[in-house]
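Structures incoming, each one as structure tokens.
Common to both upcoming complexes is chain A, partnered first by chain B, then by chain C.
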Partner chain A sequence: MAGVNARRARKQRVLRWAVLVVLGVFFLLPLAAMVEFSTRDAQTWPLLVNWPKLSGTYPDLADGIVASLEQAGLTALLMLVLLVPTAIWVRLRLPRLRRLIEFLCLLPLTIPAIVLVVGLAPVYAWVVYFLGGSSLTLVFAYTILVLPYAYRSIDAGLAAIDVKTLAEAARSLGSGWTTVIVRVVLPNIRSAVLSAAFLSVALVLGEFTIASLLNRTNLQVSIELLGKSSAGMSVAVSLTALLLAFVLLLLLSLLADRRKSIKEPA
Partner chain B sequence: MAEVATTAVPQRVAGRLRLRGAAPLAGTVPFFAYVAIFLVIPTLVVVIGAFAGDDGGLTFANVKALTSGYIMDAFGRSILLSAVSALVGAVLGALLAYVLVTAKPRGLLRRVVTAAAGVLAQFGGVTLAFAFLATIGLSGFVTVWLKDHLNVDLYANGVWLFELPGLILVYTYFQIPLMVIVFLPALDGIRPQWREAAESLGGTTWQYWTKVAGPLLAPAFLGSALLLFANSFSAYATAAALVSQGSPIIPLQIRGALTSEVVLGQQNLGKAMALGMVVVVAVVMGLYSLLERRTAKWLA
Partner chain C sequence: MTGVAVHLKGLRRTFGTVHALDNLDLSIEDGELICLLGPSGCGKTTALRVLAGLEDADDGQVLVGGKDVTALPANKRDMGMVFQAYSLFPHLTAVENIEFGLKLRGRRRAPGRAADMLELVGLGQFGARYPHQMSGGQQQRVALARALAIEPAVLLLDEPLSALDAKVRVQLRDEIKRIQSSVGTTTLFVTHDQEEALAVADRVGVMRAGKLEQLASPADVYQKPASAFVADFVGLSNRLPGSVDGASISVLGTTLPLVSPGAANGDATALVRPEAVSVEADPEGAGRVLTCSFLGPTSRVTVTVGETLVIAQVASGLIPSLAPGTAVCVKLAPVPVALDM
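Then we have the complex of A and B:
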């Protein structure tokens, strides 16, 4: 039996390394190629980190970067304002509505962004009428896009604590509903809220479909535009955006790890 | 005086009761209003628009136009692209997930690969397209290296990167990590005791995989593959950045319908194509949730 197990372990080790090497090459090669491609012109990287010069040379790119950062921040904010109180409220007072809220929040998963944009075009005609055509108005559509991911995260956070008891305790001590939500429940789902915000930022920074088809600008749209004139620079910006997303999502998974280790003290 | 009091009290109580039923609902108004404007209305615009003529009247012309040659071809290519990239992604992703399961459960390898998979599954769109242009584009790293060192021309038979084979290759890049993420929990559910039980009864490795683990994992594998299919079927940005000429797949056809001059009598053709996409995704996701339920039976 021990011999069989040792042989199997050896076989598994061979398979493991074979799979890891082949897939590792497949996944790392494009990243290495991006580094090589963007360093062909020695001017590319120094220019990218020199913001004043960059925004002078590629004003569209600078606009896109600023627009994307603003969109990401505002989307995270709007998502939190919209979703967190509703999720808490529904758990406390309207448990019957939970299925409906969940259905609506997960709906964007089955509606491809390209389809959503077809339906959003007439809605945005009204948005332009009331608020103007700024790229920041994309935040409305992005909040819908991040809804499934944000909802899952916040719902999981709420499921992990006893919302009802916390709320009843606070209420019996005389606090109002706003205090219950802001000062009692919210601090307890901090890390879930934080990861929902992180996910939203990461998704918005990578968004292209809606911005491009509604004729607005953001990071991805400006990278695509740049690709037509200066390929090296566009690849350098792509790589930077990718690394940024990588760091964001890595922080996110560390956050999730920490949450898990708090929950299982073993 | 007494009469007034007796009639007034029940009224006030009734009023407060009614208020008590409605007041909690008021807390959800902002959410429902927002979702109605930016999610429900756009969906209805697509669904209703698909059956509306240029004058707003009911017509089936748009939906009928879907069966015309070039749209059917685009749907066919979209389905082919999604099926092949889902299949390749599912097989390679499952293999990678198996490698992770047999590694140390809290080891470095597993943590690094799952974290990387989480990031790469989201890695699509323009940046991914540019990554592949830098790799195997006409002046890409690999293309140039192969030509200089091995005298191999990647594109001897035409530039396939901007066509269906290229799209399949590029899509695989985010399909494999997605498979790892969705299939790993199912593999984790397989207990080593089951293998030991099969062995103690004299079963071979082949028998274990075909009679025990295979049937147990099949619903999870199929379900994950369906999710991958839906994922690549709805992808737009990667293809849009890669393919600038022609519209081989249906999302790019919709781009054409949105951005180009509208042909008279086909104002709502884009909506009909969008509806077609939703129907395909809905069917696939429906099958997925059926399989998911089967998986959950023994995974729990």
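Then we have the complex of A and C:
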């Protein structure tokens, strides 16, 4: 009996490793290929970390990087400004609207980016008319794009605390609504807000379709453009963007872990 | 420091078709602790929330210290509140929680005051603890300290003890009474636990369907219930058939005075407290013991007299003589009783 069990355990261990190796190869091989390809020219990586020289050599790429970083930051900011008070208000005052808001926020997930662009194009004609054609105007579209992820995250954060009682306690102690949100609710959903922001940043840094179809600049658009003239550099930049996204997601799961360990009663 | 008087005048509040408050009038004198008691859904919490400004009344007035605050938002009303659910801010320590309200009022002496308040609720050593590092009872004490730190005109307690276990509940309720009388803040305490209400209140208001059925001292509410509902809700009552004759009613062969005379003569149901019933083993007696339940110092004995069930509260020492099936005679003490209309 013991022998049968030991054999089964060994079999399972082998299977587990096999799955791990296959998946590892599947995911890591392209990355390894990217590393190999981008290091063929010894100049590529030193150039990438030398910002003044990089922006001189590839001005389009530099523009794309700056545009993407700005878009990511502004999108996260706009998303938080719109979503945090809304989510709190819905929980406090309009609980019946929660389903509707959730549905609305999840909609962008079900609509392919290309369809979204068709709908957005006429809207953007007006945006251009009022705000000009800057790549930063993409922030509006991106804010919609990140809604599903950000809303889920913030709503989960709010579900974990008793918003109503905390808000009422703060009100009875003399705080106005702004103080309630900034000093009572926000500090208690900090990790949820951070993860919403990280997800937004990661998503915006990887966005290509909308920017490309609306003829705007961002990182992915410039990488694609660069691929036509300097393949090595474009792959190096892609790899860097990918690693940055990994780091963001890693930070996110670390934050989630910490939140869990704080929740454990002492 | 003394409190201020509070008047609720003609408050109405409906949720859909339910009248949570139905023309409620309530006056709390300065420094007084009034308990609103009633079954769930009777409107007691709504009354407190309207007073706090967390709920709007459809109609009526809220006067605090003679000033009409009906239109003021909650954060401008100067009231301290302790909630049923744990309401300490999780990201702040006990001291920071207490300082929260003080800082909003721009008080410079916040640190000293917060420490004093912690002392007052007996948690002087716990200032640096976060809420999740404290027990439920400790959290509610800090919540009480936080509510009192801002020296509110009125203290509102919304079932603050209902989440705690029995022993802590009794301890903390005595402490609330002690602190309230030492601070002298006008207090409204809402609870569905009659024992709690009778123990802490200067006056108890029994509510039913958005209205105040009776507002009186705990002893009066218990001994002279204004209505059958009050008699039934506060304490345990036997419903015994009898016949009214003027200002008294004859029940099981004993004539008992009525709490509120004026009922028509004839058959009626009297509400008799178990402690007003005594039973004695008596082979000639008309009653038979059905069950006995031991409650510690006293025991509860259920007796059948003909068709009628009578519950008596007796000293536990008598239990050995009252085995189920024993013939007993049932006697009623001549204390005033209410009628079930």
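We take it that the second predicted complex is superposed on the first by the 259 of 266 C-alpha atoms of A that agree within 3 Å, B and C clash if a C-alpha of one lies under 4 Å from a C-alpha of the other, contacts with A are read in each partner's own complex, and residues count from 1 in each chain.
FYI, contacts are C-beta pairs under 8 Å (C-beta built on N, C-alpha and C of every residue); 3 or more make two chains touch, one makes a residue touch a chain.
Small disclaimer: the values here were computed from a predicted structure and weren't measured.
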Task: Classify the contacts of A:Phe208 with the two partner chains as first (chain B alone), second (chain C alone), both, or neither.
output: first
- request: Name the chain, either chain B or chain C, that contacts more residues of chain A.
  value: B
Query: Which of the two partners, first being chain B and second being chain C, lies in contact with A:Asn188: first, second, both, or neither?
result: second
Task: Look at A:Ala169 in the shared chain and tell me whether it touches chain B only, chain C only, both, or neither; answer first, second, both or neither.
output: second
- request: Examine A:Thr179 and indicate which partner it touches, taking first as chain B and second as chain C; both and neither are also allowed.
  value: second
Message: Touch test for A:Trp89: chain B only (first), chain C only (second), both, or neither?
response: first
- request: Kindly classify A:Leu249 by the partners it touches after superposition: chain B alone (first), chain C alone (second), both, or neither?
  value: first
Query: Can A:Val66 be said to touch chain B (first), chain C (second), both, or neither?
result: neither
- line: Residue set of chain C touching chain A in the complex reads 52-54, 73-81, 83, 85-91, 100-101, 104-105, 132-133, 143, 146-147, 150, 156
Message: If we count contacts the way the header does, which residues on chain A are in touch with chain C in the complex?
response: 161-162, 165-166, 168-176, 179, 183-184, 187-188, 190, 262-263, 265-266
- request: Flag every residue of chain A that touches chain B in the complex, lowest number first.
  value: 4, 8, 12, 15-16, 19-20, 23, 26-27, 29-34, 36-38, 82-83, 85-86, 89-90, 93-94, 97, 101, 104, 107-123, 140-141, 143-144, 147, 202-203, 206-209, 212-213, 220, 223-224, 227, 231, 234-235, 238-239, 241-242, 245-246, 249-250, 252-253
Task: Flag every residue of chain B that touches chain A in the complex, lowest number first.
output: 24-25, 27-28, 30-31, 34-35, 37-46, 49, 92, 95-96, 99, 102-103, 109, 114-116, 118-120, 122-127, 130-135, 140-142, 173, 176, 199, 205, 230, 233-237, 240-241, 251, 254-255, 258-259, 270-271, 274-275, 277-278, 281-282, 285
